[in-house]
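In what comes next, subunit A is part of two complexes: it sits with subunit B in the first one and with subunit C in the second one.
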Partner chain A sequence: MTALTKGLHTVDAGLLIGGFDDPVQQSQQLFRQLLTVTSEPGRIETVTATSQQPDGLNVASWALALSLFDADCTVWLSPSLAAQPSLISNLMFHCQTRLVEHADEADFAFCNAAELNSLQGFSFGSAEYPATSTSLIVQVPGLSGEPCWTLSGPGIETTRSVRVCGLSEPLQAELIDSRHRFPSGIDCFFSCADQLMALPRSTQITITEKEA
Partner chain B sequence: MSQADGYNFAYLDEQTKRMIRRAILKAVAIPGYQVPFGGREMPLPHGWGTGGMQVTASVIGTDDRLKVIDQGADDTTNAISIRRFFARTAGVETTEKTADATLIQTRHRIPERPLKNGQILIYQVPVPEPLRFIEPRDSETRKMHALREYGAMQVKLYEDVARFGHIATSYDYPVMVNGRYMMCPSPIPKFDNPKMDRMPALQLFGAGFEKRIYAVPPYTEVKSLDFDDHPFEVQQWEGSCEICGSDHSFLDEVITDDAGSKMFVCSDTDYCRERLAEQSAATTEEVAL
Partner chain C sequence: MMSASTEQVANTPRQQWMAVLARADASQLEARWQALALQPEYQFIRQPEIGLTMIRGRVGGSGSPFNMGEMTLTRCALRLAGGTLGVAYIAGRDKQHALTAALADALLQEATQHDRLQAELIAPLAAEHQKNCVEREAKTRATQVQFFTMVRGEDE
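Entry: the complex of A and B
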């Protein structure tokens, strides 16, 4: 078993799995799904990508990483994900991403819903440079079109109902409150198994039914 | 169609596409905000649609059907060249029919036929900053956008009213996107501005020379600037298209000889062709009856 040291992290060749079979076409297909979900917030797309994922990531999150990440972006992992050597090795091998210690330095952050208590710590961008914010990819236990949140705003004809399971009440309140800071803000992707949904900062959220 | 050898799919390398794709996602998330990106050299000069082409190259896939228009026409040099470029480098199908296209790259027009949800309209943009001719410093215009300080543009439009009695700006007419960002709609005639409002299709804008990407998601409010006593109006023609007879489309004035003869025809060639086909179908039906 060989280990290649890169900064603080190491790539362990024994933990590597395959990426996309056809990186050019599959990256494009996944990007189009990302573009669809971002331009139509609350819409759920099903990803068909890879047969294997590194420990800790679901199909949709891993496909997003393979499609969007490279050596030009920084990635932060929530504590339980950062403790997965297979994830770190595969992210560094397939995407050459730079993993960062502090969430506010990250272009992208992977989190499990249970570990995400607050948006504080992530970069919201500034009024002059709102695009420098962190994009969150939150792995949640369930996604559906049940009426739990009512979404409105750009990309939504009238309103759209969604249910994002596993987000704590203070976090939901913080998400809704963060809309006042527009154009600064955090764009979220929610992934559950092979499902993907986006909640860009421009989307207004109303809670219609509290989660039991 | 098959793809040419020796090039990556759709010409650009994968790392460039990823960088542009990340910029596009940010642009969609912040409607109307201009996201900087690392513009690349394309095999044609700046000003010929390199920004639009880089966006198209990053978005296009093998299943797409591409339409390219230049001032509404499918058969001008620029439109034909760009269409052929992607047919060659990406092997995609191309079309002249607005209804059949999944991606439409455009220079300075929005097709007359209403676009559907799922289609993507990609604009070629020369100067993405609406405030640039008012304030040349980027540091200042950036601050003006941050503070939503757009009074200077209202003053510019007011100067039109004071001098001419009406708002004389007829193309590249500034709009407000989702009530937050002032945006340059690229030099489309203001006739097309109302089509941008709550359009079901996704609109992406690429400025190659200035290296900016911005976007308007589907169903987003796009409002043309105006005054209560001088509401926004589009231009009108007294005549109609001499080919298809349309009295509601954007017309081009075409000089037909050197004796000053001229005619008005639809700027959107596909729309004109479609109307002609409908009319000839209707006449054939009448004859058959």
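Entry: the complex of A and C
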């Protein structure tokens, strides 16, 4: 996509789809759900569906984009998502976001689990400004409460079990290792169809069962 | 005059009718729209929504840009059953005005309705707007005060 590398994105009117039916209520509801999943890492929430999604994004990812993004934030798309003109047009029209070429410049990054092999390239924030890190939204093939990972840390009373499908082993190891860099770090959201889960940088991960 | 310079910017036919729809008096637009008795099927891309926008100007018309102030704006985007996209941006807080303007914009792009809407909606609204401008200009002109200095003859 040469347009993307040059930063010259255009909105193709023919590809636009409808946003939220009730923007005020729905974006606030979703914001509340995002607060819930972020404050209780590993908890899975089901979001209310929009009638349509742009190609490449699932319901939960698109709802997150509609509620969180505005003209002040920068977004990076993984190569397969950046090749979707419908996604680019709708992100620019509905969210007015600035799409960036380099992942480390992005406030938010969308990727599919299969394309994500490393956290390198994303911004971890600095010790002075840890909030400037990239927030990752990873679209995964499955999310459940099966005991695959054991999570602990702020927002979890003892431990919580969760299974995030489709993440490569090096990535899982890197996620666990990146906890040493706190307060710098990357906050992740995992989305699957209309389900959403968060894994903030403060959550400790123990692998209890390797994915088959 | 302000409107004269902005009209020069509206150079494509679509820009021209969008400008007429946006500047039209809301009640007149509604009355003329109802008289057309069109009931197009449509789906919202962006529900009519009210927001603020920053008005920017240039020093002396061509110098460096500065923020003049914010104004309220209502915008709307919708798609007709046939796929045509209609868009409206209007000053103020009238959602119905934005919706009607977006619908008219979409239908004006369709060959089947274009001529009728141009003749029965856009042309009268443009004429009305022009008339209001001329009236307002005349009223303003009547209150014009000329400042000049009398020669007091001190130099003689």
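The definition used in the following text is that the second predicted complex is superposed on the first by the 205 of 212 C-alpha atoms of A that agree within 3 Å, B and C clash if a C-alpha of one lies under 4 Å from a C-alpha of the other, contacts with A are read in each partner's own complex, and residues count from 1 in each chain.
Just so we're on the same page, contacts are C-beta pairs under 8 Å (C-beta built on N, C-alpha and C of every residue); 3 or more make two chains touch, one makes a residue touch a chain.
Just so we're clear, the structure is a prediction, and the values are computed from it rather than from any experiment.
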Next on the checklist: Following the superposition defined at the top, how do subunit B and subunit C come out on subunit A, clash or fit?
Outcome noted: fit
Next on the checklist: Output check: A:85 vs subunit B and subunit C. Expected answer is one of first, second, both, neither. What do you get?
Outcome noted: neither
Next on the checklist: Applying the document's definition of touch, where does A:13 land relative to subunit B and subunit C: first, second, both, or neither?
Outcome noted: second
Checklist entry - So which one touches more of the residues on subunit A, subunit B or subunit C? => result B
Next on the checklist: Rounded to the nearest 10 degrees, how wide is the angle at the Cα centre of subunit A between the Cα centres of subunit B and subunit C?
Outcome noted: 90
Checklist entry - Does the superposition put A:156 against subunit B (first), subunit C (second), both, or neither? => result first
Checklist entry - Just subunit B (first), just subunit C (second), both, or neither: which does A:31 touch? => result first
Checklist entry - Looking at the overlay, what does A:142 touch: subunit B (first), subunit C (second), both, or neither? => result neither
Next on the checklist: Once chain A of both complexes is superposed, is A:23 in touch with subunit B (first), subunit C (second), both, or neither?
Outcome noted: both
Item to check | Smallest separation in angstrom, by C-alpha atoms, between subunit B and subunit C in the superposition | outcome: 8
Item to check | On subunit A, the residue positions that both subunit B and subunit C contact, one per complex | outcome: 23
Checklist outcome for this item: subunit C residues touching subunit A in their complex are 43-47, 49, 77, 79, 83, 85
Checklist entry - In their shared complex, at which residues does subunit A touch subunit C? => result 13-14, 16-23, 93-94
Next on the checklist: Touching residues of subunit B toward subunit A in the complex: what are they?
Outcome noted: 8-9, 14-15, 17-19, 21-31, 33, 35-36, 58-62, 142-143, 145-147, 178, 180-181, 200, 202, 215-220
Checklist entry - Can you list the residues on subunit A that touch subunit B in the complex? => result 23-25, 27-29, 31-32, 34-35, 38-40, 67-70, 72-73, 107, 126-131, 135, 153-157, 182-183, 187, 200-202
